[in-house]
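Have a look at the structure that comes next, please.
Chains: A, B, C and D, in written order; residue numbering restarts at 1 for each.
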Amino acid sequence: MNHTILMSILILSPFIGFLINGFRYKKHNYMVAGSIATAAVFISFISAVLLVADVLGMPAENRRILVSFFEWVGVGNLKVDAAFVVDQISAIMILIITGVGSLIHLFSISYMHHDKGVAKYFAYLNLFIFNMLLLVLGSNLLVMFVGWEGVGLCSYLLIGFWFTDKEKAAAGMKAFITNRVGDAAFLLGMFILFLTFGTLNFAELNALAPTTAEASWLGAVTLGTLFLFIGATGKSAQIPLYVWLPDAMAGPTPVSALIHAATMVTAGVYMIVRLNPLFVMAPNTMAVIAIIGAATAVMAATIGMTQWDIKKVLAYSTVSQLGYMFLACGVGAFGAAMFHLMTHAFFKALMFLGSGSVIHAMHEEQDIRKMGGLKKYMPITHFTFVLGWLAIIGMPPFAGFFSKDEILWQSFSSPYGHPALWAAGALGATLTAFYMTRLMALTFWGQSRVPKNTHPHESDAMMTIPLIVLGILSVIGGWIGIPHVIGEVFGDIPNVWEHWLHPLIREIPIQSEGHHDASLEWTFMAISVGLAAVSAIVAFQMYVRKPGSSEKVADALGPVYKAIYHKYFVDEAYFGVIINPLVRFSRNLWFYVDVNFIDKCTYWVSDVVKGGGSLVRSMQTGNMQQYAMYIGIGLVFVLSILLMR
Amino acid sequence: MGSDAFEITVNCIKLVLVFLLMVQAVPILVWLERRGSGFIQNRFGPNRVGPLGLMQLLADAVKFLTKEEFSPKAATKLLFYAAPVFALIPGTLGFAAIPLGSPLKWGDYTFAIQGYDIGVGIVFILGVSSLAAYTILMAGWGSGNKYALMGALRASAQTISYELALGLSIVGIIMMYGTFNLSEMIAAQQGTMHFQAFGNTIATSWLPNWGIFYQPLAAVLFFAATFAESNRLPFDLAEGEAELVAGFHTEYGGFKMLLFFIGEYGHMMVASGLMATFFLGGYNIPYTTTEQVYQFFLGFVESANAASALTSLAHFIMFTVKLGIFLWIFIWVRWTLPRFRYDQLMDLGWKTMLPWALANTILSALVIFAVSHSW
Amino acid sequence: MRAVKVEHMLSTDIITHVGLNHYLVLSALLFVTGMAGVLIRRNVIVLMMSIELMLNAVNISFVAFSKYLDKLDGQVLVFFVMTIAAAEAAVGLAIAVSIFKRYKEVNIRFFEHLKG
Amino acid sequence: MTADSFLFWLLAAVTLVSGLSVVLVSNPIYSALCLAMSMVGISALFATLGAYFIAGVQMIVYAGAVLVLFVMVLMLFDLKTELATFSRGKISGLIKIATVGTLAGFLAGAFSMSIEFMEKPATKTVVAEAGVDMSRNLGTLLFTKYILGFEALGILLLVIAIGVVGLARSKGGTHAKH
């Protein structure tokens, strides 16, 4: 079929779903609303598949479908088309978004069936999909930015979906405002890039990117990419702007799965990969990205170890996994980043949905201390959750293993890499294994701490089918990116992934010193897996074999544990250092400038106008004869002028 | 008007004569009406004074003139007295514009036998006769009497309503003759029936070339409308004795009353004259043209002037006869038909006659276009 | 007639030769009279009559022009003016009647109630 | 002094006097009758200008219909208590009179100053030939050049007729609401 039509279907079908559900937003029939929304997303999934098939059919060098609908902005030399492009990168993204998206929609139908504003919910969800598609399909930064803002809006709407609860609404606002900070930086980056290269189009930008690395900190490319990266930290919840994501768990669980695990939060990674030629040429930026990524990975993991809310744990794990992705970007392993992005989308969505299923079963109970032993109540959820667990702690041959291992190896071996980075990554992996096992243990294993009045039960098919599908994906998802070293062992399995992304990935300018041989890679692989396994076993021991031992450890750690438990007091610090002073400043601004100066000026103007008006109004008595008199006087006036001439 | 002194004098005399003619016709009509009503109602009319009671006219005149001259207390003097005088105007002016005979050629002068020959005769007559409403209103309001006022309002409303039908009903005639000028219309109705159709002439020898044969519907409508215009039975709602004592001239008596009578009869005469002019060939003698009559008289007397004078005289008599016929019909109808109710009157005017008149107009327009247009 | 005589002394020409501008001046004066009526009378119906007066003054000038410019368009315009005037009179009288129904008086000042 | 000019002055006098009395007479019925008088005068003026048909129409439409309507309404109201004739307000009254006067002066002055422009001898072709032919030309003009306006007027009249009936039927008139 024609690409234009396919593209329009792909983009518009969720939007139409949004319109339909949006217009019937007062309806309570969750089945109708859900089917509409799911169908909309599924349709766009199909068209996405068709498009990707076309892309596959193309020659490897220029796999690119560009559909330009119209010239959107044409100011001076700023020419922005409403153009959408499907290439190797966005192909993956649209598949994830629409595929996982439709699964999550399906899940939501059953999950939200008790909710009043279900139609509204699905409308928001569809709107999100639409914006996300804009984001990933946009052929230039501006269209991408539209999507960027749009997903921010939808995330705000959906986090605060139960806005009657004050702190949920507050969480929504927090997310929105934090994103604003990032978006400002993103805009600045856009401006810098436009000033430097005179275009916002990805293809042109990548073509114009310098061929030699930019040494200085203040070079255009470095600054621009840095600002863009800050924008990415906002959207993708990296230090220092990660604080909103844990609170974002206030939203419905499928939303957390879709927006705050699978798709939206990966937008930053996607953006960096999309512009990798630029980033590669700014080693300083790359260093920053790598460090921040590694730091986030470790820190979030540590916090994750101490949380009691099932969704909070998952949220922090998301943050740390995103940290991995940024680490990968930072060391120039963009392919690995995308790879991990995909696998993470699978297993993290799976785990969120699983947690949703659990919460559903526990009647909106999210505290894992009140769970445990759910294994026998909800086997399917448990089984799929196990798959996700194995994937995330990087057990071969599950999806997570390949992607994470790729990242770790690259963080050591790549020219931008560094042993310290590798160490951080390995530590993060270990911690991840620990807290995920802890989660599993407290939720599903051990003896039940379920309150007497709640009777957990397995969820219905509409919730379990997505779990199963995602479970399968998180098992096999990684097999398309099997490293060479393993591939050689199993009779030379090709690394499809690398070949796939290769045309779009710019080579790192500086050459790596020396060449690492396979044995080293094997060792690292073994080390990371081993560490993960060990920490998993430890966690299993602590939480299943002898429960309560964890408390001893916590007491032993004392203040450190406190600090970690309170998330390093980051929120408090932000409040003390930034937010409260800002609020005070703005209040003064409001009082002294706005009220006492600007308002006074406007009042003065309005008073003048009013006075004039009342003067003129006195002429309007409604007495027709007076009006006639005015006409006559005017006539005389005009005639006299005419006669004087 | 002409420029020659002689002509001017003659014309002025003519005006006076026409006026006198109309005024002196009134007593005769009164007498005729009373006798005729008596005859119709199978009783003697006034038959005591003089032969056939003809002297009754004189007696009436004397009575009218010698009656006490009074005006009611509530009356507005000016209007009360002005109204009867104004009542004369429409009739006289209208009647003076109707040609009473073929133009008299005396030497190199030509005298139209009518008050004045005005180019747009019909329009003029309609205009002046529409002034009649004022007299009625003045009388009604001026005499400060509620019955009078009611009668006046009724009468004027009726007059205005029927003017529409009146005007529209003769549009067909005007289109047919292609002129407003009464003399030209009369000239167009000479001789036997003959007219141009699709480029070839159609002629009959057994019908006079009268308008009524071309526009029968128009004739009926026009005649009915004239009844309403002159406030006569069956349309004399203005003075319906049953409801309003005597309508707008309740308070009037004596000479003022007489003036009103004159006005009403003037109206009748104008109406009859117009009927004759439009539909019965005016002063033409049936089946003949003016020229034929002139030649006929030229056979007796040799002088052209005398022949022309005789022709005019014959035509004048002919016209008077036709006039008389219509006047008699007026009287006859008055004593034959009952009075309408007011809503019936208005319905007749607006819902019956007006649509018919319109239809007649459109139809005759189409026909005239089709016929005059030689395909 | 005396007025005419007085002007006779001044100049005969302007009296004996009646031209376009005589009619125009007449129409101007008539128009102004009507305007005065509109301005100073209070009875709504009299106001409307004054308006009719103004319209007719204009009609005079139309017809005069149509004669002296030897074009008939002026008279056509007079037609239109008459029609409009009749319509205006009908509406005005209807309004006056409805005002009268309420106030038993047709003073222009009652129309001030219509002011928005 | 020829007959034409005599006629003109006479009619002008009649028209002006009756027009003035329309404005000045306090009894509305008298002013209506005066207006009728001046209408007749105006139509006679039309006749002196050779516009016989227009003159007749003027008689029928104005003198015959419109003003009769006025008079009827006035008599229907039958205002025994005559309201204050002239509008109040000394200053505004003065201003009004002054305006009117100056306007009159301007107009008259302008016209009489511009004699030589206007006094172009009338070539008697179309207008002069009295009566029928001119009316025919008039009709031709009306139904060819001005047909659109003619139709528009027809529609206008229809609308007016309906609207007026509605308006007059409304109980309590325009202020029925309160």
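Basically, a residue touches a chain if its C-beta (ideal position, glycine included) is under 8 Å from a C-beta of that chain, and two chains touch if they have at least 3 such contacts.
Fair warning: this is a prediction, and the values are worked out from it, not measured in the lab.
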item	value
B-D or A-C - the one linked by more C-beta pairs in contact	B-D
Length of the line joining the C-alpha centres of chain A and chain C, rounded to whole Å	81
Approximate Å spacing (C-alpha centroids) for the pair chain B, chain C	33
Chain A and chain B, separation of their C-alpha mean positions in angstrom	102
Averaged-CA centre spacing for the pair chain D and chain B, given as whole angstrom	29
Junction residues of chain C, two or more chains touched	35, 39-40, 108, 113-114
Shared interface positions of chain D, touching two or more other chains	53, 57-58, 65, 69, 87, 96, 99-100, 103, 107
Set of chain B residues in contact with two or more other chains	none
Full enumeration of touching chain pairs	A-C, A-D, B-D, C-D
Contacting residues of chain A [partner chain C, same complex]	620-625, 628-629, 632
Complex interface listing, chain C residues touching chain A	35, 38-40, 108-109, 111-115
Residues on chain D engaged by chain B in the complex (per definition of touch)	3, 29, 33, 36, 40, 43, 52-53, 55-60, 63-65, 68-69, 71-72, 75-76, 78, 130-132, 135-136
Contacting residues of chain D [partner chain C, same complex]	1-2, 4-5, 8-9, 12-13, 15-16, 19-20, 22-23, 28, 31-32, 35, 38-39, 42, 45-46, 49-51, 53-54, 57-58, 61-62, 65-67, 69-70, 73-74, 77, 79, 83-87, 93, 96-97, 99-100, 103-104, 107-108, 111-112, 114-115, 118-120, 122-127, 134, 137-138, 141-142, 145-146, 149, 153, 156-157, 160-161, 163-164, 167-168, 170-176
Contacting residues of chain C [partner chain D, same complex]	3-4, 12, 15-26, 28-37, 39-43, 45-46, 48-50, 52-53, 56, 59-60, 63-64, 66-73, 75-76, 78-80, 82-87, 89-91, 93-102, 105-108, 113-114
